[in-house]
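Next, two complexes with chain A in common: one pairs it with chain B, the other with chain C.
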Partner chain A sequence: MTPELGHFALILALVAALAQTLVPAWGLWRGNARAQAVAGSAAQAQFFLVAVSFAALTWAFVQKDFSVVYVADNSHSKLPLVYRISAVWGAHEGSLLLWGLMLTGWTLAVSLFNRRLPAELSATAMAVLGAVSSGFLLFMLLTSNPFERQFPVPLEGRDLNPLLQDPGLIIHPPMLYMGYVGFSVAFAYAIAALITGKLDAAWVRWTRPWTTAAWAFLSMGITLGSWWAYNELGWGGWWFWDPVENASFMPWLAGTALIHSLAVTEKRGLLKSWTVLLAILAFALSLLGTFLVRSGVLVSVHAFASDPARGVFILGFLTVVIGSALVLYAWRAPKLASEGELRLFSREGLLLLNNVFLVTACFGVLLGTLYPLVVDALGLGKISVGPPYFNSIFFPLIAPLFVLVAVGAVTPWKRGEFGPALRRLRAPALAALAAAVVLPSLALWLAPVTASFASKLTVAVATWLALFTLGSAGLEVWQRLVSRRRQGVALGPALRGIPLGSWGMTLAHLGLGFWMLGVAYVTGYGVERDVRLAPGARAELAGYQFIFDGVRESEGPNFTADSAGVRIERAGQPVAALAPEKRFYPSQGSVMTESGVDARLHRDLYVALGEPLDPQNPAGDWSLRLYYKPMIRFVWLGGVLMFLGGLLALSDRRYRLAARASEPLTANATRAV
Partner chain B sequence: MTKRQSRMLAVAALVLGVGLAAAFGVTAFRKNMMYFQTPSDLVAGKSPVGAKVRLGGLVERGSVSRGEGLLVRFRLADCVKVIAVRYEGILPDLFREGQGIVATGALAADGQFVADEVLAKHDENYISPDLAASLKEQGGKHSCGEFKNTTATVTP
Partner chain C sequence: MRFLIPIAVLVALIALFAVGLSRDPREVPSPLIGKPAPAFALPGLGGTPAAASPADWRGRTVLVNYFASWCAGCRVEHPLLMQLAQQQGVEIVGMAYKDAEADTRQWLERHGNPYRSVIVDAAGGAGLDWGVYGVPETFVVGPDGRILHKQIGPMTVEAWEQKIRPLLGGMAR
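So, the complex of A and B:
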């Protein structure tokens, strides 16, 4: 009964979504304010209905209702409860339902907070959100109904893909979707600005926190995904340039460009149409990501089913949404005139440069991701574009961004001057230079690894960039503090007097620096070694001794495992004892590598168990893969700091204050970002 | 700086950025594009010695043998031709005889394929779409049963 209730709620939600689109649209056309106001109630009803539907599916999982096809395909009677719940979004249909829940959740939040905005603008944006939601609900109901039943009822489920049975996977998809879907708000308001022809201070103040929120969640989602891949895929990498990863990374790059161009639009009233275009782009890339991941054109752990009908539907939907948005943009964007002129050497000029690099990097990634698909579709052969392509296109393009962060921190709005900027950057630049000499040598002294001259040089340059960014990211907050203290303000109030937006920006830029530091060391000085070890034998890696104690069998709730004992010593002193496993899940007949990791802030020691090299004698030699990963934790630390920075920035007081629509943008130029 | 000059500067910056990206892109593409090939393609000499390709095929039954250290040898088949592969390293969890895998590497001078990476997907019934498509092209109805079940003797 419950699944039918969920299905029914989903159908009603579609009705509510259509009402949210059509009634306000009619109201806007006829100038009927009451019809425009329907959008809010429709959004609330829609959220409630999708939530009921989501709860119904969750209940079916909790109750192990294998009469529901989706539950039977992705659950098992022995699957632990927490994974039964996360299995709701473990495959195609349920993850779409989660998408829908997020979208209606964002819409609900918009409907609750948008009272201060001009009614017309809000009604237009709500209608756009309703249209996007209608498309997704229709997609779900027509091609991917999670509530489909089957008879006879199977006695046992086919179990959740063992790869997805990991704590990282419980929160990675919701976070990622919060980000993806969150860009729909910026998109809807961009469309509304194009239609109404009004893009003023109120619009920017309103759009900024929503975009920052979406960006923060996307950052966290990607970070969690990377962490999961590192732990669960068993091969020690944190980023593979897999098309599915790129699908989430492209909206992030566009979104990062967007939050920076929004800053320019708020402070200076410039780049208006560019900001609108970026808002469209960020959401377009989110939809493209959904298409790539869900349509089955890509083969990966994320591509659950390759049902051509689904691919065609999403592609059609993508074309309609993005096509009409771009047509509207081409038609209306000239109306969004910017106020004032832009100088290259000013904060806004540097932010524009930042946008150029980010968007170019985004297109580089897009090219590498789509090119194989296009070549294949044209019948020109099957090719793949490997990580070296992405690395060689991405890193040269983002390296200048680090310098831009530093220079931007000491350059005022409107007009900057080279002399003072250089003088203020001298200290962080020199300190970073000293660190770039000392740190890499220290790292090699701590853990001797062989690295080529090229990678030593790269590590040194990257260290300089990272520390230069770290050093200068704090400059703005520092200068505000110093000038307030000079005015005789006590330290406490001076600290509190700095707006949360500045703290958020500083934190996110620190995150960028830490991320770069992690990437540099783990890529340049990380080492791995495949070894063949008999029980009792040892292998050396980066100054650590790995001692293999053999393998014994153990049992988990829904799997059996070969569990190895590996002790790690350094200079005769014990460092860690790891237990990497090879798990066998009988319900799916699949084998999984569960790695053993000893994590410290400055390095990870990582062991993945291979296989018995003589199948007749499991007590004999085994193959193992050993890794030494310096500073890999900094990669994720960077992501977490960006997330926290985003949260801080969107809590800034100024977004909660009523902004008068008539207020010209340039009037707010007194406050910095 | 006049408005016009600064606009020209911005345009120049844009052109520079796009130009740089294009230059990086083209060189990176040339170096890193890998074609998908079948054992038949390699045996027919479609790929020069040393060129990096992705080779897809079925691991022939009974062909896997281990050597010194982590060296492993096996034969990959595509229902028509067979090629000998050697690989030094750890095989993926789902590497099994009779299954479809994809190996990245290059043809060596001795006619064997030297793999530096072996991929098998996490599904026991999985067969790479690339491989499935190329199997289809080569006759369609062939079940490849002889490679899955018996030890076919074919010279590398």
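So, the complex of A and C:
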């Protein structure tokens, strides 16, 4: 009965979504304010209905209701409860439902907070969100109903893909979807700005925190995904340039560009049409990501079931939503022309440069992701584009961003001057240079690994960039503090007087620096070794002794495992004891590696268990893969700092105050009517 | 004019995706074509020697077929493989991929054994080295130990006639 309730709630949600779109649209057309106000109630009803539907599916998983096809396909009577709950979004249908829940959740939040905005603007935006939601609900109901029943009822489920039975996967998809879907708010407001022709200070101050929130969640989602892949896939890598990873990374790059261009539009009233285009682009890339993942046009390690009917639907949806947005853009954006001039050497000029690099990097990733598809579509054969392409195109394009962070921090709006900027940057640049000479050698001295000259040079340059960014990220806050102190303000009030937005920006930029540091060391000085060890034998890596204590069998709730004991020593002192496993899941007949990791801030020691050399004799020799990963924690620390920085920035009080005052941006505020 | 560029890009992309949707992404050529078959040392099943490796069939052109008792596609191609082995005298090496030995044996007893030798790749390690996406997959390995061709999915009569038979030259009757 519950599944039918969920299905019915989903159908009603579609009705609510259509009401949220059509009634306000009619109201806008006829100038009927009461019809426009329907959007809010419809959004709240829609959220409630989708939540009921989501709860019904969760309940079916908790109750092990194998009469529901989706539950039977992704659950098992022995699957632990926490994974039965996370299995709700473990496959296609359920993750779409999660998408829908997130979208209606964002819409609900907009409907609750938008009271201070002009009614016309918010009604238009709500109608756009309702249209996007209608499309997704229709997609779910027509091609991917998670509540489908089957008779006879199977006695046992086929189990959740063992790859997804990991703590990282419980929270990764919700975070990622929060981010993906969150860009729909910026998108809806961009469309509303194009339709109403109003793009003023209130619009920007309203759009900024929503964009920052979406961006922060996306940053966290990507970070968690990377952490999961590192722990679970057993390759010791943290990023694979897999199409599905790229699908989440491209909206992130576009969103990062959008955050920065919004700052320019807010402070200077410039780049209006560019900002609107970026808002459309960020959401378009989110939809594109959904298309790439769900349609199966690309092969990836995240092998989701693909169904051409679904692909056709999403492609059609993408065409309608983004196509109409871009047609609207081509028609209305010319009237959003900005007033005022833009100098290259000013903060807004540097932010524009930042946008150029970010969008180019995003385009590079897009090209690499789609290239196999292009080649195939032209009938030129099958190729795959791998990490060498992405690394060689991506890193040179983002390296200048690190310098821009530093220069931007010391450059004022409107007009910057080279002299003072260089003088302020001299200290961090030289300190970073000194550290870039010392730190890499210190790292090699602490853990001797063989690295080529090229990788030593890369590590040194990257260390300089990272430390320069770290050193200058705080300059903005520092300058505000110094100038307040000069005015005679005490330290406490001076610190409190710095807006949260500045703190957030500083934190996110620190995150960027830490991320770079981690990437540099783990790629430049990380080493790995394949060894074959008999019980009691040892192997050396980066100054650490790995001692193999043999393998014993153990039992999990829904798997059996070969669990190895590996002790690690350094200079005779015990460092860690790891237990890498090979798990066999009989319900799916698949084998998973569960790697053993000893994590410290400055390095990870990582052991993956391979195969016994003689399968008949598990007490004999085994193959093992050993990794030494210096500073890999910094990669994720960077992501976490960006997340926290985003949260901090969006709680800046000026966003709460500003929406009230809807004064025009510049003296000659542009109204395209 | 420049405001029209985004929509032009979108139209081009959508045309591309529309074509992409009609194609099968699983038809991926193996990067191993023309390269020596990756070595392995795995136990054989039944009459096959206990330590089997690609060196065992040096000097002959063979089909190396990754299969499993749990795989539905393998049942589909099974009659064709039986026919090739019995009537055409093709040497087929069976790689029992991620399968329990008892299950493989039972499966071969029930449906018949087209394989000259059966090698147990229970953990899928050899499959990983050979770049196997899923079962069934069939490789043609030449007398010099190089991989000549890879068939993804069940073997079909067309694939055999058009792609694989010519590679075997005079071998097949």
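Keep this in mind: the second predicted complex is superposed on the first by the 656 of 673 C-alpha atoms of A that agree within 3 Å, B and C clash if a C-alpha of one lies under 4 Å from a C-alpha of the other, contacts with A are read in each partner's own complex, and residues count from 1 in each chain.
As a convention for this text, a contact is a pair of C-beta atoms (placed from the backbone, for glycine too) under 8 Å apart; a residue touches a chain by one contact, two chains touch by 3 or more.
Keep in mind the model is a prediction, meaning the values are calculated, not measured.
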item	value
Contacts of A:386 with chain B and chain C, given as first, second, both or neither	first
Contacts of A:341 with chain B and chain C, given as first, second, both or neither	first
Contacts of A:593 with chain B and chain C, given as first, second, both or neither	first
Contacts of A:550 with chain B and chain C, given as first, second, both or neither	neither
First (chain B), second (chain C), both or neither touched by A:364	first
Partner chain in contact with A:291 - chain B first, chain C second, else both or neither	second
Greater chain A contact set [chain C / chain B]	B
Which superposed partner A:565 touches (first chain B, second chain C, both, neither)	neither
Chain B versus chain C as contact partner of A:326, first or second or both or neither	second
Chain B versus chain C as contact partner of A:611, first or second or both or neither	both
Common interface residues of chain A - those touching chain B in one complex and chain C in the other	299, 306, 381-382, 384, 582, 589-591, 610-611, 613
Partner chain A, residues of chain B touching it in the complex	1, 3, 6, 9-10, 13-14, 17-18, 20-21, 24-25, 27-29, 31-36, 54, 66, 69-70, 88-91, 93-94, 121-124, 128-130, 133
Contact set on chain A toward chain C in their complex	273, 277, 280-281, 284, 291, 295-299, 306, 308, 311-312, 315, 318-319, 322-323, 326-327, 329-330, 333-334, 370, 373-374, 376-377, 381-382, 384, 582, 589-591, 610-611, 613, 615-616
Chain C residues touching chain A - in the complex, by the definition given at the top	3-4, 6-7, 10-11, 13-14, 16-23, 25-29, 41, 43, 70, 98-99, 120, 122-125, 133
Chain A - residues contacting chain B, complex	161-163, 234, 299, 301, 306, 341-344, 349, 352-353, 356-357, 360-361, 363-364, 367-368, 371, 381-386, 388-390, 392-393, 396-397, 530-532, 582, 588-593, 608, 610-611, 613-614, 623-625
